[in-house]
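Both of the next two complexes hold chain A, though its partner changes from chain B to chain C.
So, the complex of A and B:
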């Protein structure tokens, strides 16, 4: 969290009243997003998202065969670990990032335990009640310049779209309980239902009625009075929402914020899906892909 | 469903009580009817202020300690620390309330959520160098536990005489199919497609805390928030009544009949 003087806050808020932001964007514009998939050779799926050349998130997925939970025997498990490394902000040094990490992790868990992603979790099941895939999704915040929720959810979704799992063969045993599995290390498959995965959109209110902005920079975030983060599924449903900030939001503003968040979410989903489709097609066809690299 | 401590309790009938006869729920309530509510303040002797909230099978104790001098750093504004815990016997799955000091991730998230809601109304600028500790304990969670925590904590803060600009109440709405269900029981929460929880500041008519779980249509979501606010406003009315009653009693004890 950056500390701004009252005058600086006043500048941002007064600008917001007139629909002007310091980097020239309109209220609901988002900064340019850089998305690169399959950046980590040691992970089964990975993605890196940068927003406005500042916020920087790296996500890697490691699959493992495990036992499903008793409550959901026909579903696989998606577990999240978010690490706010002290690289990203001096606030994260020591245990400073722990609260934020927990908050980010909770939101992701909320999005991926929602009924919206039930089919995705079901596709991770191997033998009902006995074996399933558990996807360990590790996210690393390398640099934070606002809109962490949005960047993080985007990176996780992209990584899930490109993750490949080894084919698993079920060898039937004599009794029902004796089924065994064999992991085929030669053949891989992608996750069909990963396109159901949602993203999160954050809108921050700047104190005045009906005034709110999307994709805040950290300066804008630190003088926002309240914000809403909403998970948007590809069908436009809300699949988890949380608020932040102590300002409170009146009902009418909140209502229109939710509508705009859903709209914006669908636009972002559409744009990233178009990109990911060409990206995946290129990789499948073996076309040469020029990596963006870490320091582009 | 847990036993109800005191009766008769305040029962709130929703507006649709007469018109929506066919939508009667498992426990006989209408879709927009809250469970009977019981509130009490000042029942803990060692705390500066305390509040108890009971709605159906949900029972919350909340204590406020302070404002007292902060042992750590000097701060211009006062600081507030919240601690929300579910008892192991609260009947809520996955809740911690276990031995030792470690809170579950969820409890940690809810604690900071409570802190934000309360901080929106507490005049922390009037408590320099001080800290206020709010601890809430969920004895029994028969649905809508966290919403009830918000209410109990507001009561406790008011009882402690902490300066506030507003009073907050929480409420939950579950979306089951196409139907919105106010103040769901634990069973209703379990079968719901999604739930919406709102912390509401009644004087300013502002939503201070919002959380949604599961899957909810956008239109349902917006409607649910409105319904939550109406329900919270009803609860706020009762809270004020409860606090005024306590204050009158206190004045009477000191031989003054009027404020």
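So, the complex of A and C:
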């Protein structure tokens, strides 16, 4: 975490009171996002998200056939691994990023185990109680410049939107429980229910009543006293909220923050879905995609 | 408190651009000797190699090759490669903006974007009000009264010691703790050494162009900062960042040119960081620097 002088914090706080931030944005504006999908040829689905030329996240998805968990026999499994590259910040060198990685992974797990993503998980089931897809979602934080939660959830969602799974044929066996499966390596299908995937919106407060901002830069984050991260599903439903920071938020502010987070989340989801339409179409058509990747 | 409610937030998604898409017709800089790691540097006999070069075996005897990307610079027989991008390399007399990271024995350790932290000795600062420092232990214990961790301080490089450490001083009224403003970080190569590093821009924004790439913006006037002033400071900050991403040298002239162009084109402050806009508002500044 970057540390600021009191004078800089005060400048940011006073600016927030006037409704303007140090880069000229209004309180709920989000920096321009750069998004590319299918950047990794070896992953089944991948995406890279950059926010405001700073925060940089790469996500890759690898599917595997496994047994579903006992508690949810008709659901597939989505597992997350987040790693903070030590390139992103000197704080992440060695074990420094471990805490943050765990925190980020936990939030994603929370979003993707909530009831709103139940249909998505169910679509990963192959044979109830016997076989399902497990999606290993690996995220790498290449650079951090604030709003990691937002960027990460956006990247995961974008990767899920373009993920392709091999077609699986269930061969019925003689008895009920010796059905077999055959993985067809030629034909692929996309994950239709991936549109249910939520995203996270973080709003941070600098300690002043009724004033909070979205998509904080790292400077703004380091002088925030409290923040709320909320998962928003495409139906505008909340799927888990996490608070961070040492400060408090009063009730009025909290309720308006949650309302704004949901609203903002819907706008982001709407914009990304419109943006990803061509990516999804390309992927469906099966045409080879030449990623731009890191040469931009 | 409902005053800051917004009907709709702005959210834009961009597609990354292929580098070849915005490549320019090659080489208006063909007269500048640029090299990359591993390339052979043409030399005359008896050249002396300096940093950024390596003597390696070629097919016809030893040749000088570059170890980094940059501009070949020659001083008499001395051949070196000056990197295009590097951390800040301090020189005596540079104006820098630094951040106090640690308070140590009689000195402040400062982050100046160099490979090492610079230090500011307690004996090298001017105390507020110009009082004379009493050199005793009590005084050393009170060091946090002047600067504490995280504070931004403008200073001058006093000397570069032989062991590579850098000493700063603030023994002038110009230097000292910075307040009520924001810091913009750019590549240090873009801030040229000049006679003047403290500028009052015509739009009422005060800038300190630190040679280390830390630029501090505040308002010229004393007192509370108005909303309009904040907008101006933000516009100046975004102008500087635009120049940084276009790799154009940063000075008061280029900053103001980008500032005015963005105003004339009706670009809103927050929209000044998308690549296309950055390109369009930097055209004037670029031609300004090319002419020079």
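Everything below uses one rule, namely that the second predicted complex is superposed on the first by the 283 of 296 C-alpha atoms of A that agree within 3 Å, B and C clash if a C-alpha of one lies under 4 Å from a C-alpha of the other, contacts with A are read in each partner's own complex, and residues count from 1 in each chain.
As a convention for this text, a contact is a pair of C-beta atoms (placed from the backbone, for glycine too) under 8 Å apart; a residue touches a chain by one contact, two chains touch by 3 or more.
Nothing here was measured: the structure is a model prediction, and the numbers come from that model.
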Looking at the superposed three-chain arrangement on chain A, would you call chain B and chain C a clash or a fit?
fit
In degrees, to the nearest 10, note the angle that opens at the C-alpha centre of chain A toward the centres of chain B and chain C.
100
So in the superposed three-chain picture, is A:262 touching just chain B, just chain C, both, or none of them (first/second/both/neither)?
first
Counting only touches as set out at the top, which of chain B and chain C does A:249 meet: first, second, both, neither?
first
Between chain B and chain C, the one with more contact residues on chain A is chain C
Partner chain in contact with A:230 - chain B first, chain C second, else both or neither
first
Touching A:159, do we find chain B (first), chain C (second), both, or neither?
neither
Looking at the overlay, does A:103 come into contact with chain B only (first), chain C only (second), both, or neither?
first
Tell me the contact category for A:114 with respect to chain B and chain C: first, second, both or neither.
first
Is A:241 in contact with chain B, with chain C, with both, or with neither (first, second, both, neither)?
first
Determine the nearest approach in Å between the Cα atoms of chain B and those of chain C after overlaying the two structures.
11
Considering each complex separately, which residues of chain A are in contact with chain B in the first and with chain C in the second?
none
Show which residues of chain A lie in contact with chain B when the two form their complex.
99, 102-103, 105-106, 110, 114-116, 226, 228, 230, 233, 236-251, 254-255, 258-259, 262
Which positions of chain B touch chain A when the two form their complex?
105-106, 108-109, 112-113, 116-117, 119-120, 193-194, 196, 201, 204-218, 221-222, 225-226, 229
In their complex, what parts of chain A are in touch with chain C?
3-8, 10-12, 14-15, 18-36, 50, 52-53, 209-211, 214, 264, 267-268, 271-272, 275, 292, 295-296
Interface residues, chain C side, partner chain A - complex:
1-4, 6, 8-19, 99, 149-152, 177-183, 225, 227, 230-231, 233-235, 237-238, 245, 268-270, 272-274
